[in-house]
Amino acid sequence: MEFTAQQIADFLQGEIIGNPEAKVNNLSKIEEGAPGTLSFLANSKYIHYLYETKSSIVLINKDFTPEHPVKATLIRVKDAYSSMAMLLNMVEAARQPKSGINPNTFIATSVSLPASVYVGAYSYIGENAIIGENVKIYPQVYIGENVKIGHDTILYPGVKIYRDCVIGNNCTLHSGVVIGADGFGFAPMGETYVKIAQIGNVVLEDYVEIGANTTIDRATMGSTRIHRGVKLDNLIQVAHNVEIGENTVMAAQCGIAGSTKVGSHCMFGGQVGLAGHINIGNHVNIGAQSGVTKDFEDNQTIFGSPAQPKREAFRTAGMIKRLPNVLNLVDELQQEVKRLKQKLGE
Amino acid sequence: MEFTAQQIADFLQGEIIGNPEAKVNNLSKIEEGAPGTLSFLANSKYIHYLYETKSSIVLINKDFTPEHPVKATLIRVKDAYSSMAMLLNMVEAARQPKSGINPNTFIATSVSLPASVYVGAYSYIGENAIIGENVKIYPQVYIGENVKIGHDTILYPGVKIYRDCVIGNNCTLHSGVVIGADGFGFAPMGETYVKIAQIGNVVLEDYVEIGANTTIDRATMGSTRIHRGVKLDNLIQVAHNVEIGENTVMAAQCGIAGSTKVGSHCMFGGQVGLAGHINIGNHVNIGAQSGVTKDFEDNQTIFGSPAQPKREAFRTAGMIKRLPNVLNLVDELQQEVKRLKQKLGE
Amino acid sequence: MEFTAQQIADFLQGEIIGNPEAKVNNLSKIEEGAPGTLSFLANSKYIHYLYETKSSIVLINKDFTPEHPVKATLIRVKDAYSSMAMLLNMVEAARQPKSGINPNTFIATSVSLPASVYVGAYSYIGENAIIGENVKIYPQVYIGENVKIGHDTILYPGVKIYRDCVIGNNCTLHSGVVIGADGFGFAPMGETYVKIAQIGNVVLEDYVEIGANTTIDRATMGSTRIHRGVKLDNLIQVAHNVEIGENTVMAAQCGIAGSTKVGSHCMFGGQVGLAGHINIGNHVNIGAQSGVTKDFEDNQTIFGSPAQPKREAFRTAGMIKRLPNVLNLVDELQQEVKRLKQKLGE
């Protein structure tokens, strides 16, 4: 498909600077722009690329005025970043949706599938599972007994969902995600450990997205619960009986130990670890690689291992930086005191 | 199924305080208690929930006496936690066990399966594999050539076991576990690397449990060996030729580099990293996120990155906490020495 | 198969010390040597094993002369380690290669497979995928639409490759690897997040090896690119639009955030984290568990969290070690200044 600058400007309610007949058939990053592609400029760090890019069209913010001549046709829009996101989503939406039920699938006799559902080859749907409208189940997915999956949810190839778990509407689970494996529960018995059965489940509310190979364990009793709008990146571990509040987002490789509660609207950097049985408030931001060992209240930024509020963490970091000077100073003081003592006849 | 307080007290050899006819059909956490459920109280942090819980029955320790009136029927037992674990395991055991061999499976002609084995759809069992009695192989599992699996072992959906590996009796491997992928062995050759074939295997002894998406690499030569009773949580990396001693447990996202030996009865917090070619003794506890760079002997607790014995690690942490005061003190000393110098006519 | 010391010495162009008729049928580590096996000695830390080993033959370096009597037959070679690697690779190569296309596979009608390709049971190959000569696709692999796979590449059981991705020649992807899942891209919209479609892909060039359960996300636009000869260990996260230069190797559980560029010939220890949008030069070595927050130029070793050049990181570490002494010194100075003040009548 090919679009003119005019068509795109009309769609985005933007204003053209340059050739309204400039044509594009793909999107690109401004620094990788090629003729026939459309790019965007939102971050001022990237302005210099505007004067070099080979993209045919560039979206810019309404309040931005180039200081040098630009080859590309420009379209001024209210917010270049969100306009670009809209175009990206249009390209994605234009792809032929998957449909139909492959005959090489295991679908338990008690399961009835809406006609709008896609089930790819070699997927397994256990007894009494309930699958909503427009659900896309890619190949090699496992859905255990009594699992409920809301409408418009996508399960990419190889997702595994253990029995009794509940997945909301409009969720996306990427390949290799494991939902509902046993929580890590063992009781010491003499020199060995005995397993404690994990009879709870996992509940994902609506609009949750889970990255590739992330694991969310079932609760010992009750539910491990991921609230509406949560976005988890790849290779994250969520232990049994954890609760993650609405619209919290976590970067890759975070790990949350058992029974910890995380509030809503939090943002975690990558490789963060949270101890078990702690409470993190709402709107808490945690720096990458932090290790959180205790409760933190709402509305703060913390980092470090062990994690501290930003101000304290910065102070500690700053002091460690000052250490070389301090040590020199102490050496100097030692010399001076020695001299003073000599002067005083000691 | 429904049970009365009397039936449960008889089974657990406990003593009833309250209504022996109170009925329950499920288990719950005390803070999430609902009518018709049974909870337990073991941790004194949770005592206040006892007076609010809606659970119909609560297990308490023999030596505990409530200070306020309690609505629920209580059952006094020797150890409330282990009694609860017993009930959880009963609930689990009451589930209908999986059985039979799905026709849509690949089973090599040289393989003979005991009648007690379950094999779910789309699983693959390679030539000369040996599968013990009562093994449960869920759907989409891969078992390579010459693999041996002991009796009563469970392989959850999507487990992958490369050729020649050995899994003991009564093991549990969760979804996404990869046993026997190549160790990370490459020899530099000029500007590039050449792969070193990994011809060893992985041996899991009896009663080993491995969490979801954990990976255990095959040895270059010989075996990567996980001894009896080891419990590994999710997303752990165990490199080639590692050895982990009996009844050691590791929380999620730990990583053990090549040829390292870990003793028995160790406990690792989450996200711990161990360097290659080191030796960790028996009964060593390692704090979460520690980075272990050298040998440690038996019977100690270590943490930090690089990890130190607990006492030293605490001292270092304490000193860093004292730093602000020390810096103030140094500033003061500097002022005083200056004054003294002036007084002495310098 | 059984070989004599003479046959092996001839093959490796080595010199025999001992019995040319000594026979071996397997390889072993020197410390685990058994009769009938061949071992090697390269690392001087292991010399004492030479005098105890039960291996029948041991490869040693040309310039090494034993100081005590040795039971095993020795073969002196130019480089014992690389000779051993050669023998390991021979053993591996002697295994019967997989071949043929299992009938229980999904192969889209538009796909034509070379006769030399192996496809194991329950694998899926989507429309317009292109598969090169001698590719080995183990069971339960997913290959999305339009994926291209070069010749002589191996995809182990359960690998998942999303649509449009490109895999080079002579690559090896281990079980559980996920290539091309969506990058973690969400734009805030009021209290919630909207997904930004990820329409790019992942490109793996030739001779890339990817460890078990590692995830490499597709680009938002353009490509996430892994250059020729890169070796990634298990459970690594590579985010969208990352670029990793030729012959860089990373140990397990590293995480690289979005749009970061890593140069060629770098070596990363385990559990390293890199922030997004940074540039790491060529020949940069990064210590295990480091957290890299900014650009670093070519040819250096860095570590720590935040990562610093080796010299600075060592200095910081050394100072923290000196702290107890410094604090004592400050206490002493305080006492002495107090005394001096008294002496001066203050």
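The first chain written gets the first letter, and so on, giving A, B and C; residue counts start at 1 in each chain.
The working rule: a contact is a pair of C-beta atoms (placed from the backbone, for glycine too) under 8 Å apart; a residue touches a chain by one contact, two chains touch by 3 or more.
Computed from a predicted structure; not experimentally measured.
J.: Touch graph across the chains, line, ring, star, complete or other?
T.: Contact map by chain: complete.
J.: Over half shared numbers or under half: where do the identical copies chain B and chain C land at their interface, same or different?
T.: Under half of the interface numbering overlaps between copies: different.
J.: As a quick test, compute the distance in whole Å between the mean CA positions of chain B and chain C.
T.: Distance between chain centres: 25 Å.
J.: Would you please write down the residue numbers of chain B that are in contact with two or more other chains?
T.: In chain B, 104, 122, 140, 158, 176, 213, 235, 253, 271, 305, 320, 326, 330, 333, 337, 340, 344 touch at least two other chains.
J.: How about chain A: which of its residues touch chain C in the complex?
T.: 27-29, 32, 81-82, 85, 88-89, 91-93, 102, 104, 120-122, 138-140, 156-158, 172, 174-176, 207, 209, 211-213, 229, 231, 233-235, 246-247, 249, 251-253, 265, 270-271, 288-289, 305, 320, 323-324, 326-327, 330, 333-334, 337, 340-341, 344
J.: In their shared complex, at which residues does chain A touch chain B?
T.: 104, 106, 122, 124, 140, 142, 144, 158, 160, 162, 176, 178, 181-182, 184, 186-187, 191-199, 213, 215, 217, 220-222, 235, 237, 239, 241, 253, 255, 257, 271, 273, 275, 291, 305, 315-316, 319-320, 322, 326, 329-330, 333, 336-337, 340, 343-344
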